[in-house]
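So that you can tell them apart, the chains are marked A, B, C, D, E and F in the order they are listed, and the count of residues begins at 1 in each.
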Amino acid sequence: MTIPSHHTLLMTGAAGGLGQAMRARLKANCEVLRLSDVSPMAPAQAGEEVVQADLADADAVKALVAGCQAIVHFGGVSTEQPWGAILQANIVGLYNLYEAARLHGVKRIVFASSNHVMGFYRQSEVVDALSPPRPDGLYGVSKAFGEDLSRMYFERHGIETACVRIGSCLPEPKDRRMLASWISHDDMHRLITACLTTQVLGHSIIYGTSDNSVSWYDNRLAHHIGYRPKDSSDVFREAVFARTPEPDLKDPAVQFQGGAFVKIGPL
Amino acid sequence: MTIPSHHTLLMTGAAGGLGQAMRARLKANCEVLRLSDVSPMAPAQAGEEVVQADLADADAVKALVAGCQAIVHFGGVSTEQPWGAILQANIVGLYNLYEAARLHGVKRIVFASSNHVMGFYRQSEVVDALSPPRPDGLYGVSKAFGEDLSRMYFERHGIETACVRIGSCLPEPKDRRMLASWISHDDMHRLITACLTTQVLGHSIIYGTSDNSVSWYDNRLAHHIGYRPKDSSDVFREAVFARTPEPDLKDPAVQFQGGAFVKIGPL
Amino acid sequence: MTIPSHHTLLMTGAAGGLGQAMRARLKANCEVLRLSDVSPMAPAQAGEEVVQADLADADAVKALVAGCQAIVHFGGVSTEQPWGAILQANIVGLYNLYEAARLHGVKRIVFASSNHVMGFYRQSEVVDALSPPRPDGLYGVSKAFGEDLSRMYFERHGIETACVRIGSCLPEPKDRRMLASWISHDDMHRLITACLTTQVLGHSIIYGTSDNSVSWYDNRLAHHIGYRPKDSSDVFREAVFARTPEPDLKDPAVQFQGGAFVKIGPL
Amino acid sequence: MTIPSHHTLLMTGAAGGLGQAMRARLKANCEVLRLSDVSPMAPAQAGEEVVQADLADADAVKALVAGCQAIVHFGGVSTEQPWGAILQANIVGLYNLYEAARLHGVKRIVFASSNHVMGFYRQSEVVDALSPPRPDGLYGVSKAFGEDLSRMYFERHGIETACVRIGSCLPEPKDRRMLASWISHDDMHRLITACLTTQVLGHSIIYGTSDNSVSWYDNRLAHHIGYRPKDSSDVFREAVFARTPEPDLKDPAVQFQGGAFVKIGPL
Amino acid sequence: MTIPSHHTLLMTGAAGGLGQAMRARLKANCEVLRLSDVSPMAPAQAGEEVVQADLADADAVKALVAGCQAIVHFGGVSTEQPWGAILQANIVGLYNLYEAARLHGVKRIVFASSNHVMGFYRQSEVVDALSPPRPDGLYGVSKAFGEDLSRMYFERHGIETACVRIGSCLPEPKDRRMLASWISHDDMHRLITACLTTQVLGHSIIYGTSDNSVSWYDNRLAHHIGYRPKDSSDVFREAVFARTPEPDLKDPAVQFQGGAFVKIGPL
Amino acid sequence: MTIPSHHTLLMTGAAGGLGQAMRARLKANCEVLRLSDVSPMAPAQAGEEVVQADLADADAVKALVAGCQAIVHFGGVSTEQPWGAILQANIVGLYNLYEAARLHGVKRIVFASSNHVMGFYRQSEVVDALSPPRPDGLYGVSKAFGEDLSRMYFERHGIETACVRIGSCLPEPKDRRMLASWISHDDMHRLITACLTTQVLGHSIIYGTSDNSVSWYDNRLAHHIGYRPKDSSDVFREAVFARTPEPDLKDPAVQFQGGAFVKIGPL
């Protein structure tokens, strides 16, 4: 059972795939779930508020954050895109969000960082919270920016953030790489709940994957958050192997943790 | 099932809460369980010996230790108290105990150290056996002293000690902090049994908690002891949240692992 | 269920105890299991090829490797023996094997390294993939040689190797030390399968034991391999204690992880 | 004597204090020194080219970089300023610079990062290249962004960058904190020269200070750059003590490495 | 030239060898040098105060500390002695000193810890400030106690302490071991001065030796203190070799850093 | 001045370039310098013994070692060569040498290991004694074998070895890579002398280079040896740059520490 922790919880990025999957689940964590996206969302239901807003619009973001006690920030760009889009959504937008949080006294934020902050580590390496960033593109760089910005707001203003380096949050893993990076929707919700309810969150980095046998992540420095995955990509392993081709180990998309992100994009 | 490991096992601190809880359980670990405390204890039952003794009395401690093959040392002060009490029970008393062990050839000791050796780490930090001590008061300092003293007896005389940094050994966790620090009585017994039966104990530091989701401890350097907790504070989590107030993150008792110990006491 | 990963898989050392135990199991991993040993083996069954060959014979090894896509290398000497035997089987033989692999384009090898690479660590220490080698005899040195040689073939030629530091792969643990070092035959097969199927193996070091409570090994840097033991020596613990004498902690065979290997042998 | 390493070297930020101090010195490193700033600069002398340009103007930056083989990037904002200024100069500007470098095949960049990337470490801590960033304001965050962006260009495109976390590059240290952070102009030039001439620079982090007795920096992971400071703040120590007041250890500007930056600025 | 840093500086242990050597030198660090010992001292000269006091006498220590701004604590037992002597001087005495410091607002203490905190490391090992203590006797344990106690006073009350693990502070090295552990009187004074004048001392551990070629110590984590030795045991090396016998590597006094301390004493 | 440390010192490899350079210098370290090589050497002079011997001949090596107290082992192959040559000289030969040392009670050996044990680290990385080996060819693998073999003889028989990972010991650096790897003959002699005279050598790894500004090596874990280089490649820097071409950063011989060794040889 989920322990509710905040009266009003803001979830950004509510129109995206991840946002939609979390929308129903996060109702259990609060009394009012405020939902936001730059795109249209399904109408508000009981216990919900729906606010369409552009993260790059500082005033809109300030209004959005007012009255919330905590934020789950899925908003912004979540794929490799041209610089302009990433700049506005993930850099300017993130600054706007933290400024709004500071002004309105929000003290805890779950920030959707990404495995692409570490995308240039090899798939034969295991990283932890102290491994230096090796972002695999502009998207990964923007998420590293978010981790650094939130660290500064933690040091200066005591705003706690969990930087969740999300792997692949999908109904099921699509390819062999995702056998390592996959996180189920339910585990994603468990992880958010852990971040929202642990007594002291601090400024923490945690890898967001399910309990997959093959993994590139060591979360031992995030035990204080209390995340315990209950799902695993292992149940999909045979099927994924059956429907996907042999990997070519000379392909950077196979060599590196970031997968295809290390070679796609406008760069 | 518990594997008995020693003929005569001495348990000090038998009159305390932890001592009483372990008294029945430790009978399975030995043929004779010698029990000691500075306070009166329940009368000896079959397979028990009861010896009232003050740890600060060197001669009494020598007599107490004679004929034992191993010691579980719960005796001494277990809360923050004035210096005089801690000095006698935890510093002079510990010296007396190790000198007695040396004289009588006792080669293995389970020493009740404490999480308060590390009390000034934050609740958003995870510590391991190599993290330098940050005791939260005189009590914590006295336990750090015990860890250093026992190290010296290990190096010089080969007396093996497990320094068990016990969290909160109670029937159930009382507050939100104890969701991280709690260890059940049964897990405490499992841990002692592991220390008594592992082939080589060396001089080891191990954190004594149950399998709690939220944890500040990394025991990977103590795998040689073989402790596997079977209980968890998680089953109490909802109830604890329901009956305890929201934590104030500006309160040092919330910020630090030592909890209220970081601010109470004679200092 | 085991996912098959290669058409023709070579397993060396097929006449030995470990080889025989894996012979049946590894059929599930491939279409053709080629078996080799310097000693005679049971005749080939369906899906098997049996080739008697001496690893010290470079030409024989080249012929042996031709047409394989992966190798499980159990061949060579697996106990402390005179230098000449170890030199030929484990040093010259290993060079021959990797040269053959290079010539024939084999890209993945599971190399049976040994806990004896680390035999001079104490039984109260926990080692990981970064701990420097402390081999306990000529056998251990020859396995460290294999780890270094395979690293070089990885860097130069991209041949991936899992250096599996096998503990004690037997039907059950024979003594108290093996409670820590034991790996069941089924777990050994799970480990090999993981090495053969993980997308990127790299050049990796992994400790090969079952899920034993008492352990000297930390495999956190090998999560990318995806090995999950399902067996444990714990079920044998009581029986082993009952039939074995108290350990003498002054005996190097008790003090060190390598057990009796630290003191036997021609040295 | 300085070894010249590139035909045309671009130095941005030429109108600033640091830029002016390096302008004369860097002539020895190249045949043509191209100088740039958003502000007016002194007219070009022999071997110089002067190009006024705004880093936020992508096209201007592309033109600026054309024909250069290496860049010393001092341009952008070098103090805590409002978000808009930092965003344009240090974030958009840096992206423009690296894109221009990629397009024109520039392979080595000396990037003026800052001690303010690490400003929230205490003055009793020593940091190295692996310590995670703790920026002390928006300026520090923008420099951390530059380190991450340049890492990505290194991984993807092989552009080598030295991220020089410059302390206080001034004619002499102004206060007690600068006794630790000070770097002389000549040492700054030595450091740039080392970065430009070392055979392989990779993507490296190095702290830019002189050989000061009191230091918060450990450069052991940057030995490959070959920087050897010859100056020291020690010669100014007595005078600085004489003219500055006793530090108040309760002042964050005294506690933290970032000094006054940890509390000034628009935040 | 020494920069004076405090009006009234207390130096304990003034009657001992080290105390006498520092007495003249420390006058330059303050206006009033208060000197104390349990034994009689030479009469006070200009700028000195002489106070005979027993550290085990809490009231006497309170009086002693009143009016001081900083303390250089050389007092107490400095050799392996019976428990009672060490208990009173180094454990009770240290508690009394820190309590007095707390009551009188003293904020900086230079604590004479000892290399014997680390005495059971081998002479072929190099230790730093993070290496766990391995005290070589009761004396070493008492110094480890002092390090832990002062850490607690730092966390609770902001009293800064430099735990100086002094090697062998003598006019010249007496034997081959001291070629590694030796610190000249002048370097000892430089080290104290650095501790007293660095802007932020924190709670720090620093090894106190001269610039000896052979060394077991890595002070890279104490760069913030700014200690630069100018002397070296190297000038005595030939003479020491000439007058001392070949070391017996089977002797624990040769094997371990603590030298003869690892085997002498009442234990 | 060199302190003599042993009566009879054996130096192998006396006919090679390094051996010839050390021959004159090492006379100061002993009364009798025994010289050996598989090739002819200059005739013995006063205080010298010259013994031609093949390291692969166990009996010859036993005779060679008899009567020595220490060995400086430069013998064997020192370049990338076919497997057979390396096997005999560096693997069989090294085993013969250590067996002979064990039989004759030799307790200290200076073993010429090589930077090629680490040749596959990049020239932008800094390695220390704990970095895992990444040998760049068969030669490097054979030197890693020697490090492991000598470790085992240290653990089992107390034979101390300094594994000196020699860079480029030549009269002067020949190319840009050697600016990092160069060690002068005099520094080489200083390093050997340090190994022979330090009180406890243990089994140690030390990088053998002069005090070059550009370096890939961190010797902080070898401070107990007491090596202080006095020469530097810096004086040759300008000349080397003048006479060598610009490095091509796409060439593995430029990227990796091992230089051309990473791509030459029979592999």
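Of note:
One rule holds for everything that comes next: a residue touches a chain if its C-beta (ideal position, glycine included) is under 8 Å from a C-beta of that chain, and two chains touch if they have at least 3 such contacts.
Here the structure is a predicted model, which means the values were calculated and not measured.
Least step count on the touch graph, subunit A to subunit C: 1. We define each chain's centre as the mean of its Cα atoms; on that basis subunit B and subunit C are separated by 40 Å.
A separation of 51 Å divides the Cα centre of subunit C from that of subunit D.
Residues of subunit E found to touch two or more other chains are 220.
The list of touching chain pairs reads A-B, A-C, A-D, B-C, B-E, C-F, D-E, D-F, E-F. Residues 83, 87, 91-92, 95, 99, 102, 120, 130, 132-138, 140-141, 144-145, 148-149, 151-152, 155-157, 262, 267 of subunit B touch subunit E in their complex. Touching subunit E in their complex are the following residues of subunit F: 1, 3, 107, 158, 160, 194, 197-204, 220-228. Interface residues of subunit D, counted against subunit E in their complex, comprise 122-126, 176-177, 179-180, 212-218, 220, 237-238, 241, 247, 249, 254-255.
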